[in-house]
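Both complexes shown next keep subunit A, but they swap its partner, so subunit B is in the first and subunit C is in the second.
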Partner chain A sequence: MPVPSNAGSHRRSRARRLALPGAAIAALTLLSSCAKDAPQDTFQPKGDNARNIDNLQRTPFYIAGGVFVIVFFVVMFCVFKFRDRGQKIPKQTHGKPALEIALTILPALILIGVGIPTVKTLFMLAKTSDTQCVINVTGQQWWWEYDYPVQAGCGGITEPIVTSGEFVFPAKMNVLLKITSRDVIHSFWIPALNGKRDAVPGRVQTLRMEADQPGIYAGQCTEFCGLSHAYMRMDAVALDAASFETWKTNQLAAYESPADGTPAKTGESTFLTQCSRCHQVNGLVNADGDPVISRPDQYVYSGAAPNLTNLMTRFDFAGASFDLITDDCRDKLWSAKPADFSALYLKGVTPECFDPVNLREWLRNAPGKKPMYADPTKLGPTDGKTRGMPNLNLTEDQIDQIISYLTERK
Partner chain B sequence: MFTTGSKLFLGGTVLSLAATLIYGATEGGGPLGTLGLVSVTIVFAFLTGINFWVRDSNVSSMDTAGIESSAAAHAAPGRSMWPLIGGAGAALLPVGLIVGFAITWVALIVLMIATVEWMVQAWSEGASSDPVYNLGIRRRILHPMELPVLGAVGLGLIIFSFSRIMLHVPAAAGAIIFGCIAAGVVLFGSLIATKRTVARSLVVALCTVGGVGVVGAGVASAVAGGRHIAKHEIPSYAEGTCGAETSGESDDKSSRAIAAKSNLAATIILENGKLRADVAGVVGNPEVVTVPRSANSFIRFKNLDHGKFRLVVNLGKEVVDPKAATLTYREVKECTQAVEEGGDQFIILKPVTPSPRDPSAPDQFSFSVPGVDSAVLGIVVP
Partner chain C sequence: MAIAERPSPVLARSGGTALVTPSSSLGVFRRPVSSTGWRSWVFTVDHKKLGIMYGVAAFVFFIVGGCEALLIRLQLAAGSNKVLSASAYNQMFTMHATTMVFLFVMPMAAAFANYLLPLQIGARDVAFPRINAFGFWCFLFGGLFLNTAWFLGGAADTGWFAYAPNTSVAFSPSHGVDFWALGLQITGIASLTGAINLIVTVLNMRAPGMSLMKMPIFSWMVLVVQFLLLFAIPVITVALFLLTFQRNFGAAFFSVDKGADPLLWQHLFWIFGHPEVYILVLPSFGIVSEVLPVFSRKPLFGYKFVVFSGAAIGFLGWGVWAHHMFASGLGPVSVAVFSVATMAIALPTGVKIVNWTMTLWGGKLRFTTSMMFAIGLIIEFTIGGLSGVTHSVSPSDTQQTDTYYVVAHFHYVLFGGAVFGLFAGFYYWWPKVFGKMLSERIGKWNFWLMVIGMNLTFGPMHILGLQGQPRRMQIWTEFRAGDGFFNGAFWNLVSTIGAFILALGIFTFIVNVFLTYKKGEVTPGDPWDARSLEWMTDSPPKEHNFDSIPTVHALDEFFHRKYVEDEETGELTQVTNYAEIMAEMEAKADKNIHLPSPSYWPIVLAIALPIVAYGVIFNRLLAVFGAAVLLFAIFGWSLEPSVADASDYDPPADGDNGESTKELATLG
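Coming up: the complex of A and B.
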């Protein structure tokens, strides 16, 4: 078929048209790797376990990158150099035993070269015998609960500590997370500290955790787990040893009821009637003086709701998705130097930093802030139990009272 | 004008349309029935149209090539056993509706198989004027379905027969008998493999005799019934604590989940009259075991003491009826069965309330062993 005389110029102009968007996409891809506010970065390990993974992946990554570039340019060269210009098809050949054997042996050698350090690293990451601290991690739609069992490890824990959203541990200590789930499969991942581990109902899986120095490290559930999967985040907080001891003492401190006549005291009563059936506050007693024991198993599909005993010692809530502090305070915390971090973290949510906006919106209509299966008319499949927190239809006064009460939970 | 096929489907269309109207008038137009009958009417009307359009595949008198190769030009399909089998299935259907659902399923499967087989057979026999070719295309379509199904059914029959025989003969004899049979099969197979001159008919005959023998023995064993299998009689050491033993199986209920054996939260060991815990990741033996709330924890009880003992898990008390005017409480307990020395058993715990924070409070959560007062270990539920 005869080729129109201006076909070559058409092709050139099309290539020029495509060149600009192509270059823009490549530049954007490259620039995206320069993002400063990207804490979930596996290429910046902050602990031994993550470093082992990083060391393992870097060499093959560079080799694979080199192979990709070579193959890409060779293919491009062939595509352009030998493109169809009406020439005769060259002689076709088949079979070249020497080349085929070489192309079998070479990948096998590469695989062996990658496989040996991989297996070595896998065993290293699976080690539990050097554990110095055990923390149970339980996933449920859509938040993580951390409980610290009674143990000689972690510097000694005499009473269990339960928290959520942020799990706190001593830096430079080998921590073993025992991960499971109460409802569906989730996946626990703090990229700067280790790889992922699935949280599977009925299974307890272990994950080592170690941080070189105090700091806060972001994570995200990485197994799609329903409507608010994207809002199921977690923060790992490493403190220096002394600060961790202080944190433990604070978590186990006796409950202090708000002073009579204060809005917080009214808030305590409101909390008792509206919140305590699901949310545990250790030490809270009812009018008869009996301990108030929450029963989330009767209302929530997973059977659990976050323990709010020390809510204001952590800086976010609802699956580490919403801040309790202002943006400025958040930036200060996240960018604090390791030497300053522990002291700053131990201050908790101070009155200067507290930002009630998110908490207020949450109490006003939780499913409106974070999608959840909590519509009372659609709870047939879960036997009337919600997945997440329902809209409690609180009045603005009740919201103010509860916020006043919760701000004292430190 | 109307061909045989189009007349048949036209009749079907009229009939189903009438049925739809009558159903609609008498039953008030229930959505399911109306939808079904309207769908049937549409299908019949569609088939009528198709047959009318193609005139039952009749070939134009001008199409000489078509006259030679068309189905209508060939001999009528031969005899077939499938209508008979289909009839048996249809007869079985109402029997199943009366007697039991299993027979209905068998009838439906028989009907389905007969329909498919008959359709393909009828089509293939009219596909060309060459019977060999017709048989070939039938096999090409049906063998990929027939052979695996027949193989699976045959194998299932043999396995089922084996199981009936095994359950009938004494346990010790069963092992010997099937050891001998397995050896015989290996020997027979080896002989055939090495001696290629063995007549095919001889191999087929031997396999047939063997297969029929096994199935026959299986049927006879099934009729005669299984041997008596004595259940383990485990006397309850702690009767009254968690109730009498109700099961003869040592790991009934608690060991259903494989996870129980592969994801242990703790192993509780009874030795020298004391309980100790071995918890994964925790160095040494903790004085209390922390069990997460509202999540399954798999516990293994290992008895290293002389005698049979059971582990009792005390998880406090719970309200019997939260809506009652006067609240009453009952103890929450979980128990293993009595475990012999050296034995172990699994138990799954899922406490939904926290343990008392005050160590002096009554109703502390604990592991205990009835009959061994010193064997107590605390449980903490956050």
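Coming up: the complex of A and C.
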């Protein structure tokens, strides 16, 4: 709870915890203000939907805290006041119905007071009539895919855009996510923008998204989805309207093959033999000049693999689990002021910021970096298909070439 | 099977200690008649022995589940720790929850219910003693079966609520989920048979004069729980069958590509799972509702309110299951209904807190360890209950569900509620069961270590969750833990340290038990100046519980026999004591006490079930063999008379039938 934290409140709440070990929750709730800038804090809304929740949730938290303090002190009062000091055995009273009824009606009234705004907020959050932009979100083990269908919304989308890891959308716009899954149940959650919504295979469920300002907001899959659940993260990126237009244009820009004779050009052919059967790069053609269409459905159980056309416009990969940039650059991006953020984001992974270590380790042995079911001897139950990326046993040269090639995918 | 009123045909053999050679029993097995040695335990149908066995087995599973918890906390002590691999971690938290819920809290509550319920209502045993034994063996074999998965390719790795389709073979290829589904199926039989047994016992076998509203509150809460089990277990049984058929026989109940809706599992699971929460916690509510009055020297405040709020929880508990699914996408109307229903269930729960507090008010409080655990429960459970109310605010819940805030919530409810209640029960009834007092001095250490440990372990989880740490994650990252000293990293470490303090507290209890066993103080007849019938007999009680069945005139019968209240001033005068009451009961001892004889069949029938289960997983022929054993056991059981034939005893009847039936009862 981001009550403005200052040294004084630290001391006060710490003292309370020490004084009353049993009063843990009240003190601990206060103490939680001490962690600054946890990116997934559920009490720091950065958009209308999360703010509606936040406005609603504070009151019950305070009431709960108050009720606890009362119960605690009444019990403690009894403990000190009525301890056995040799007094007579007390009168055998069997209860006071009036008191009981009063103490049932009072909380009932409080709960009615909480219940009405709850239901109101609930319907507010379910509203879809004010949607200005629709984005499809698909979960699979263990990453999220975002596709932007052709529509007049989102400032107009003329050709579908497919991306993953970072979910880019225009700030100050009512975005509606249509969420589903290709395999097991996942849950989409960007705490700063809204609560969770499960991604259930066979169902399409909606979730509103709105961000006040450009910025990047952390999230995580929150429904246990198997082996690598901890590595299924996502970032939501809000851009100002103009920057979002630029972003869209760039996502749909024509493919540029690397210049002949460069390591990246060799990388392109390595990519064709090693990667493109699962990973799509739009516009890539094979030696015969035919467009290359990846077929992840033949190799991966969920039937999908991240589209790498514009990998270097994103800052992380593999379910937003590993950074493509140095820690310094990441901190700059995450702490950028809203006014500067969009421009910084549109730069993508610059050579100064690029840190190939994670990508290299990933290409060397993906299941070693992120737990995945990719052991070729144990794929019986999935008809020989992997879940996640297998170890491709690439040589160091091949890895270098592929990295050269991928750094140009911007 | 039921305890008949007719005189026993079994003849006396005074001082019967050694095993006597039984004659044949219908040409299949001879009937076991030993009253000492391991056979007297393995083939027993005595509710007290079964209660002790339930307790011992459940405690062993408690230690297993606790070690799993410590491994989890070790893994999470630092961000990208490597104590457990992702696969091992997923198995660990699945089995931690499964073990604690199904193999510790439920059977431990069953231990208390089994042991105490007949004593509290003035009965000599439960209605169906052999079924009672069968239930225990089902639980034990089911639990062992479940845990053998560790050694046979890995345990279940899907979380304890095992959401489909993540449980399908493609997503969980080891046999872990099969072990889980079949193991819980077997322990479910234990719960279901136990429920029927105890319901019949309560409804039919109460002592004369004990109307339902004069029944001790613990027995009441047990009764409510048995009704919950009676209706909840069949639902999980169905769900587990669907899952077993999905995985082993090509069914498609959860195959989305064949048109299934995975939410089916969630509904089935939580229709069972939410009443399950009350199944876990109500017995402990019953325990503290016994303990608080005794050590406050006052009756339970608002007994009727506590009874009816317990029953209300029992009913409302069926209408709130979907609050586990607020993020599942049920639509706003359903969510609104379940949100409001969930708020409503806070009321009867709050009633209990009020009544316990008011029981303390104006009392004469003695702070025994048992009392301290009971007061600890009031405080800790209140925290869990209140965080539960914050969850009922469904939009807010979509932020906090599946984070550590939920983990904190249910550990305050289940550890601060259920487990503290069980420990209050241990200290309170230990002298009743074992005839020796647990050390109060070590008990205080036990209590404080557990209180400090649990608050350090689970308290910080509130913060971690509100700051967005999801549950069930093998690693957390420094980046998402936030900045500052009191960030996620700090609280994760505190939580791990707390877990070890908690473990030390539980170790202290084990030490206490061990020392008490070695050189504990022998229990005085009525160590706590208690109020209810189970104290109106020896400690430990004779096999037939009561020499004569008392006639009940009041709630807190035992107390009202000892003390007489001045009608005007309300002042109490002690008119008699434990020894006198006991002497009186002995003088009126029943001449013919009929108790059921031990039997081989419960354990034989129960052992057939895991054989079938192993067969389903590994080899269908084995399942056929298991089914044959099962049929054989049912056959033997059906033909077995409820008491051993006179000729089973050696030396045979010596003709003093009717005179020494009290000793006789120890043979039965």
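Here is the rule we use: the second predicted complex is superposed on the first by the 366 of 410 C-alpha atoms of A that agree within 3 Å, B and C clash if a C-alpha of one lies under 4 Å from a C-alpha of the other, contacts with A are read in each partner's own complex, and residues count from 1 in each chain.
Note that contacts are C-beta pairs under 8 Å (C-beta built on N, C-alpha and C of every residue); 3 or more make two chains touch, one makes a residue touch a chain.
On a predicted model such as this, the values are computed, not experimentally measured, just so you know.
Colleague: Touch test for A:381: subunit B only (first), subunit C only (second), both, or neither?
Modeller: After superposing on A, A:381 lies in contact with subunit C but is clear of subunit B.
Colleague: Check the contacts made with subunit A and report whether subunit B or subunit C touches more of its residues.
Modeller: Result: the larger residue contact count on subunit A belongs to C.
Colleague: Given the touch rule stated above, what does A:276 touch, subunit B (first), subunit C (second), both, or neither?
Modeller: Touch status of A:276: no partner.
Colleague: Return first, second, both or neither, reflecting whether A:88 touches subunit B, subunit C, both chains, or no partner chain.
Modeller: In the superposition, A:88 touches subunit C alone.
Colleague: Can A:100 be said to touch subunit B (first), subunit C (second), both, or neither?
Modeller: Only subunit C is touched by A:100; subunit B is not.
Colleague: Taking the superposition as given, does A:147 touch the first partner, subunit B, the second, subunit C, both, or neither?
Modeller: first
Colleague: State whether A:313 touches subunit B only (first), subunit C only (second), both chains, or neither.
Modeller: neither
Colleague: For A:174, decide between first (touching subunit B), second (touching subunit C), both and neither.
Modeller: neither
Colleague: Would you sort A:304 into first (subunit B), second (subunit C), both or neither based on which partner it touches?
Modeller: First partner only, subunit B.
Colleague: Should A:134 be classified as contacting the first partner (subunit B), the second (subunit C), both, or neither?
Modeller: The first partner, subunit B, only.
Colleague: Using the superposition on A, tell me which residues of subunit A are in contact with subunit B and, in the other complex, with subunit C.
Modeller: 201-203
Colleague: Could you pull out which subunit B residues touch subunit A in their complex?
Modeller: Subunit B residues touching subunit A: 257, 259, 262-265, 279-284, 286-290, 292-296, 298, 352-354, 356-357, 380-382.
Colleague: Could you pull out which subunit C residues touch subunit A in their complex?
Modeller: Touching subunit A: residues 85-87, 90, 157-159, 163, 165-166, 169-173, 256, 259-263, 296-299, 301-305, 327-329, 331-332, 335-336, 339-340, 343-344, 346-347, 350-351, 353-355, 357-358, 360-367, 375-376, 378-380, 382-383, 386-387, 389-390, 392-403, 405, 412, 451-452, 455, 459-460, 462-463, 465-476, 479-488, 490-491, 563, 565, 570-572 of subunit C.
Colleague: Show which residues of subunit A lie in contact with subunit B when the two form their complex.
Modeller: 128, 131, 134, 136, 138, 147, 149-153, 159-162, 176, 178, 180-182, 201-204, 206, 280, 282-283, 291, 293, 295-297, 302-304, 307
Colleague: Using the touch definition from the top, list the residues of subunit A that touch subunit C in their complex.
Modeller: Subunit A residues touching subunit C: 1, 10, 21-22, 24-25, 28-29, 31-32, 34-43, 50, 52-53, 56-57, 60-61, 64-65, 67-68, 71-72, 74-75, 78-79, 82-84, 87-97, 99-100, 103-104, 107-108, 111, 114-115, 118-119, 121-123, 125-126, 141, 179, 183-185, 187, 189, 191, 194-198, 200-203, 205, 218, 220-231, 301, 330, 371, 373, 378, 380-382, 387.
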